[in-house]
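Sharing a structure here in C-alpha cells format.
To keep things simple, chains are lettered A, B, C and D as they appear, and every chain counts its residues starting from 1.
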Amino acid sequence: MDINLQVSIGNLTLKNPVTVASGTFGYGEEYSEYFDISELGAVTVKSLTLQPRLGNVPPRIVETPAGMLNAIGLQNVGIETYLKSKLPFLREKKCTIIANIYGTSVDEYVKLAELLEKEGGADAIEMNLSCPNVHDAKNKFKCPLIAQSPEWVEKYTLAVRSSVKLPLIVKLSPNITDITEPALSAERGGADAISIINTLLGMAINPETRKPKLKNVVGGLSGPAIRPVALKMVWDVSRTVKIPVIGMGGICTASDALEFLIAGARMVAIGSYLFRDPLAPIRIIQGLREYCLNNGIDDINKLIGSVIIE
Amino acid sequence: MDINLQVSIGNLTLKNPVTVASGTFGYGEEYSEYFDISELGAVTVKSLTLQPRLGNVPPRIVETPAGMLNAIGLQNVGIETYLKSKLPFLREKKCTIIANIYGTSVDEYVKLAELLEKEGGADAIEMNLSCPNVHDAKNKFKCPLIAQSPEWVEKYTLAVRSSVKLPLIVKLSPNITDITEPALSAERGGADAISIINTLLGMAINPETRKPKLKNVVGGLSGPAIRPVALKMVWDVSRTVKIPVIGMGGICTASDALEFLIAGARMVAIGSYLFRDPLAPIRIIQGLREYCLNNGIDDINKLIGSVIIE
Amino acid sequence: MDKLHECLITLHNLVAPNHYRMVLQSKEIATQSLPGQFVMLEVSPGYYPFLRRPMSIERIFSDGVSILYKVCGEGTKILSTLSTGEKINVQGPLGNSFPIPKEYSHYLIVAGGIGVAPFPALVEGILKVRGIAPEIILAGKDFHHLLCEKDFRQMGCKIHLVTEDGSAGHKGLATDILETLDLPDSTIVYTCGPLPMIKNVHKICEQKKWLCYASLEAEMACGEGVCLGCVIPAKMEIENEMMARVCREGPVFDTQVILWDKIGEK
Amino acid sequence: MDKLHECLITLHNLVAPNHYRMVLQSKEIATQSLPGQFVMLEVSPGYYPFLRRPMSIERIFSDGVSILYKVCGEGTKILSTLSTGEKINVQGPLGNSFPIPKEYSHYLIVAGGIGVAPFPALVEGILKVRGIAPEIILAGKDFHHLLCEKDFRQMGCKIHLVTEDGSAGHKGLATDILETLDLPDSTIVYTCGPLPMIKNVHKICEQKKWLCYASLEAEMACGEGVCLGCVIPAKMEIENEMMARVCREGPVFDTQVILWDKIGEK
C-alpha cells in the first residue's frame, strides 16, 4: 500500500508530520552525523534572537524523574550568524526549515521575521512566545510570558502576520489556566498553526546545599514526565481552533507520536528524547508508516483528530 | 540532640510535618495494617461529600512515565458514613485528622465543615477546590475549577471561615497561570494554610483503539513526574502569602520532602508514592530527623523556607 | 502483620513462549496466602515503571509462592529479565480468596490463557479441604498457551483441552465445552481469563444455576483499597457504594453481583 | 560514521570501594577514539534515569574501550549492577581530545580521585606519539582512591602519590607536589579532578608558565552540542559566543581560556 505521510501547515507541505523541538536540535549540524536530517518533515532550529545571546549562568540542566529541567536562557548565535553560517548547511541538505524566533518586543519579532523572509532563512516561522528562561531570575521570578496574555498573543501574531507571508506558527506555554484562550488569539491574529507545549515551569533544590540546582533558580520541565499534560492541551486546542496544531512534550516513540496525532495534532515534534536517542525521529517516522500499514490507513491525515470519545 | 519536628497550622500543632495526600490513604484503615498511622503529623482523608458518590466509570487510572493519571471522580462514602464508621477508627488510633471536603456549591462546603466541626470529625478542614475529575466528561471537558478563579476562592473560603473555627486549609490547582493569585485570595478569605498541588490535568490515548485510556477521557497527573512543577509553585506561594503552605506533588523520599520544606512548605503530604511504598511516610519522618541531626538543626521550623537564592 | 517482603527469587523459568514462572521465597507470604489472592511486585527500583504489578499467586509452598505471568508490556518485560538469586520487593498477600464451600459435590474450573494462574493453588486447596480433584476446562489460543496442564494432571484433575486454532483438544472456546458438560446441580464453577470469556461463563452458569466465582482484573495502583482505581460496578452493598474494589472486595467475585451491562469493553 | 553502539560488556570489576572498571566491546568506538574523549551510556532501558551518563574513555583497546567510574548517584548505581555479558547502549566517542604537541620535552599529569579516568589512554597516547612516559601526580582522599597506579607503573611513568589522610605517599594535596616540582619550561600539564583542584593546578601552571590542559565536567543532557546545557564561561570565540560547550569544544580545555572568576561553586 502507498501511504501518504504528507501534511501541510499553511501553504507549506511537509513530507511527513515529524519535526524536532526548537532548542533540542541546534541548527541541524550535530545530529546530521547521526542521520539524514532531510528525512524530517522539517528541522526546527534553536530560537533565534536579533543579537547573539550568551544565555544563563550554568548549571543549566537538572535531570528529574522521566524528564529534565533546563534554564538555557536562549543562548544562540543570533540571526546574522544563523543566516551566514548555519542556514547554508540546512539548505544544502535540502531541509524544510522552521525558524523559531524570540524577541523582547513586537518590533523585534517583526524584524526577525522580515529578515528571515528576505534572506530565505526559513520555510515557516515559529514565534516562541513562551520561553520560561529569559528573565533575570533575581528580579522577575514571576516571568510573565507573552503566551500567558491572550491579548498580547493576538497583537504579536498580528504584527508578524502583517509583515511576512511565510507560514506562521505560534508557540504557547502550558503555564496557563486555559490554553485555548491564547490559541484562539493566535488564530485570530492570523497564525497558520499553534505549537504546544513549551516547557512547564519547575524547580529543584539540593537539600545539602539548600540551593536551587539551577543557577537560574527556575527552569522548564520537559520529557516524558509532561506527556499527559501536553496531550491534554493538544486535544483541547485542536478541538477549539481550525488551524493545525504541532504537538510536543515528551514524545519518545511512534506510539507517543500517534497519541498526539490521534488527539488532533497535525504534526509532532521530538524534543528532549533526542538527547537520549538521536535517532528517535527516524524511528518514529518509520513507526508511523508501519502503523498506517497495519491499520489500513493510506493517508496519515485520516488519523489526525480521530480520537474516539464515547 | 533533641530535635523538634513539631509544626503548626493555625492553632493546631502537629507532631511532625508529614501528612498524606487526600485520596491516597482512604480513611486510614488499610495502611494501618502497615504502620502505626498515629505517627503521622496528620492523616488527611479522602475528599468527603454530603452524599456518597460512586465516582467515575472505570478505567480510572493509567500509569504514565514516573507518574499516573487518575479519574476517580471523588468516589467516597459520604460525610455521614465517614462520621459513623470511619471516624471512630481514626480517633481510637489518636490520629490528628485533616478532613478534606468537596462540595458543588458554597453551601455544601459550609454544611460539610459545620457537620465536621459539630461532630468532632476533624482537627482541620481541607477544602478541595481543585479536583479535576468531577465534571461529566462529555459535557464539560473544560472543567472550570473553583481554584481557577481567585474571586471564587475568596468567596468560598470566606463562607467556610465564617462558619467554623477549625483550622482551614484551601487546596489549589496547578492548572493556572499564576498560582499566587488564588493563594492570596484564600489568605484574604481567612484560610490558615494552602495545600498545593492537586493533580495536573492530563490525558493518554491507546493508539490501537484510538480511545482515551481513561473512560473519563481526562484525569489528573500525579507522582514524581510533577515534582518540579509542585516545588516551583510551593516556592512561589510561600514567598507570597504569610500563612503556611502544605506541599505535595511527587514526594517519595526524605530528600524530596526536604526540597519542599526548604522551598517554604510548612508541611508535606505523600500521595501516589504510597501506592508504591506504603511505608514512605515513616521513612520520610525518620529521614527528616536524620537530616536535622546531621546538619545540627534542632528545630525543623528553622529549615522551612531556608532556600538560598544567590 | 507485615505485607512488604524483600523476596529471593529462587526459580525463574520460561514455561511457554512469552510466559514465565517465578518462585518467590517468603515464609510469611506462604503462611498467610490463600488460593485466589495476589501480590504486587516492584519490578524495578526507580520510577520505571512507577507502579507495582499485580500477579495472582499460582501455588503456595511451605516457604514461598510462585507466580505465572505473561510478558505483555514494559513491566512484565523488565520482570522477565530478573535472575534467580536476585531479590524483588513483594507486597502481599492481597485481596480475598476463592471460597471453597463444602456443600458442593462438583468443582469445575474454567481457565482461559494466562487466566490459569490462580488455579494450581485452588486445586490444591480444594483437594485439601474436600479431597476432590476439580474438573478443568483449560483453554488457550494454541497448544503453547495451555499452561499447567501437567500440574493439573498430577493433581488428579480431569482436563478438557480447548484451543482456538485446534492445535490441541477441542477447536473453539472454553464455553463450547462448558455448555455441553452434564454436571450435577451442586456444581461450583471458578473462572479466570479474558473478560468476554468470564462473562459468557457467567451467563451459562446462570442458566444452569451453577454458582460461579470469577477472579477479575483491573488496572491497579495501590492494591490495598485506598486509591479506588480498580473498581467495577457491582450490586454488593459496601458502605452504600456500588463500586467494588477488585483489590479488596475482590479479586474473586460471585459473578452474580457484577453489574455486567455496566462494564463496557475498554 | 555511526556513534550509537549496542556494546557487549566484556569485563566489569570492582577496582576500589565504590569504583568500577567496565570494558565495552566495540571496534568502531575503539578505532575512532582519542585520549580525552568520552562516551554517553544508556544505563538502563526505560526512563529511569532519563538521560545518558557521560564517562571518560579510560583506555582504548583494539576492539573496545574501558571506562572507570565511581558510584555516586542513581545512574552509576544502576550501571554497577550490570553484568559481564549484558549489552549497553553507548554513544561515542564524543568531545575533543588531549592535544599531544611534539615540541614539549616533559609531560606531567595531575589526577585527583576519579579524575584519573581519562589518563591511562593519554599515557598510552603520549608514549605512542612521543615515546616519553609522562610523570604523574596521583592524588586521592586515601590510598583506596589512588586508581590505576599499577597501570601507570607498567607504562613506565614516574608517580607521586598524594593522599589527604596520608595513608599513601605525601599527606596533603596534589598541588603541594606540583608547586615543588622543578620541571623544564617546555613542560605541558594535563589535569582532571575536582574543580577546585583544577583551578589551583591552573594557577600554578600560569605562574610557572606551563601550558595546562584540563578535562572538565558539566551536567550534560545531549553530549553532542545541541542542548547547550553543559557550557562554561570561556574566552574562546565560538561564533561570537563565550559559553563553550564542554561536550563539543571540550571536555579538554586550555585552562587559560576558562573564565575562572565566572565559575562559582555549585
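The working rule: contacts are C-beta pairs under 8 Å (C-beta built on N, C-alpha and C of every residue); 3 or more make two chains touch, one makes a residue touch a chain.
As the structure is a prediction and not an experimental result, all values here were calculated from the model.
Contact with chain B and chain D alike is made by A, C.
Here A-C and A-D are compared, and the pair linked by more C-beta contacts is A-D. Relative to the C-alpha centre of chain C, the farthest chain centre belongs to D. Distance between chain A and chain C, defined via averaged C-alpha coordinates, is recorded as 47 Å.
Separating the centre of chain A from that of chain B, both taken as means of CA atoms, is a distance of 33 Å. Averaged C-alpha coordinates give centres for chain A and chain D that are 35 Å from one another. Note on chain placement: the centre of chain C and the centre of chain D lie 54 Å apart, centres being C-alpha means. Multi-chain contact residues of chain C (touching two or more other chains) are listed as 47-49, 264.
Across the assembly, chain A contributes 64-67, 209, 211, 215, 223-224, 310 as residues in contact with two or more other chains.
Taken chain by chain, the contacts link every pair, so each chain touches all the others.
Chain D contributes residues 44-49, 74, 78 to its touches with chain C in the complex. Listed in rising order, the residues of chain C touching chain B in the complex are 1-4, 42, 47-52, 91, 218-233, 239-243, 248, 262, 264, 266. Remark: chain C residues 47-48, 264 touch chain A in the complex. In the complex of the two chains, the chain B residues touching chain D come out as 65-66, 310. Taken together, the chain A residues at the contact with chain D in this complex read 23-26, 30-31, 33-34, 46, 52, 54-55, 57-68, 70, 72, 75, 77-78, 81, 85, 206, 209, 211, 215, 223-224, 252, 272, 274-279.
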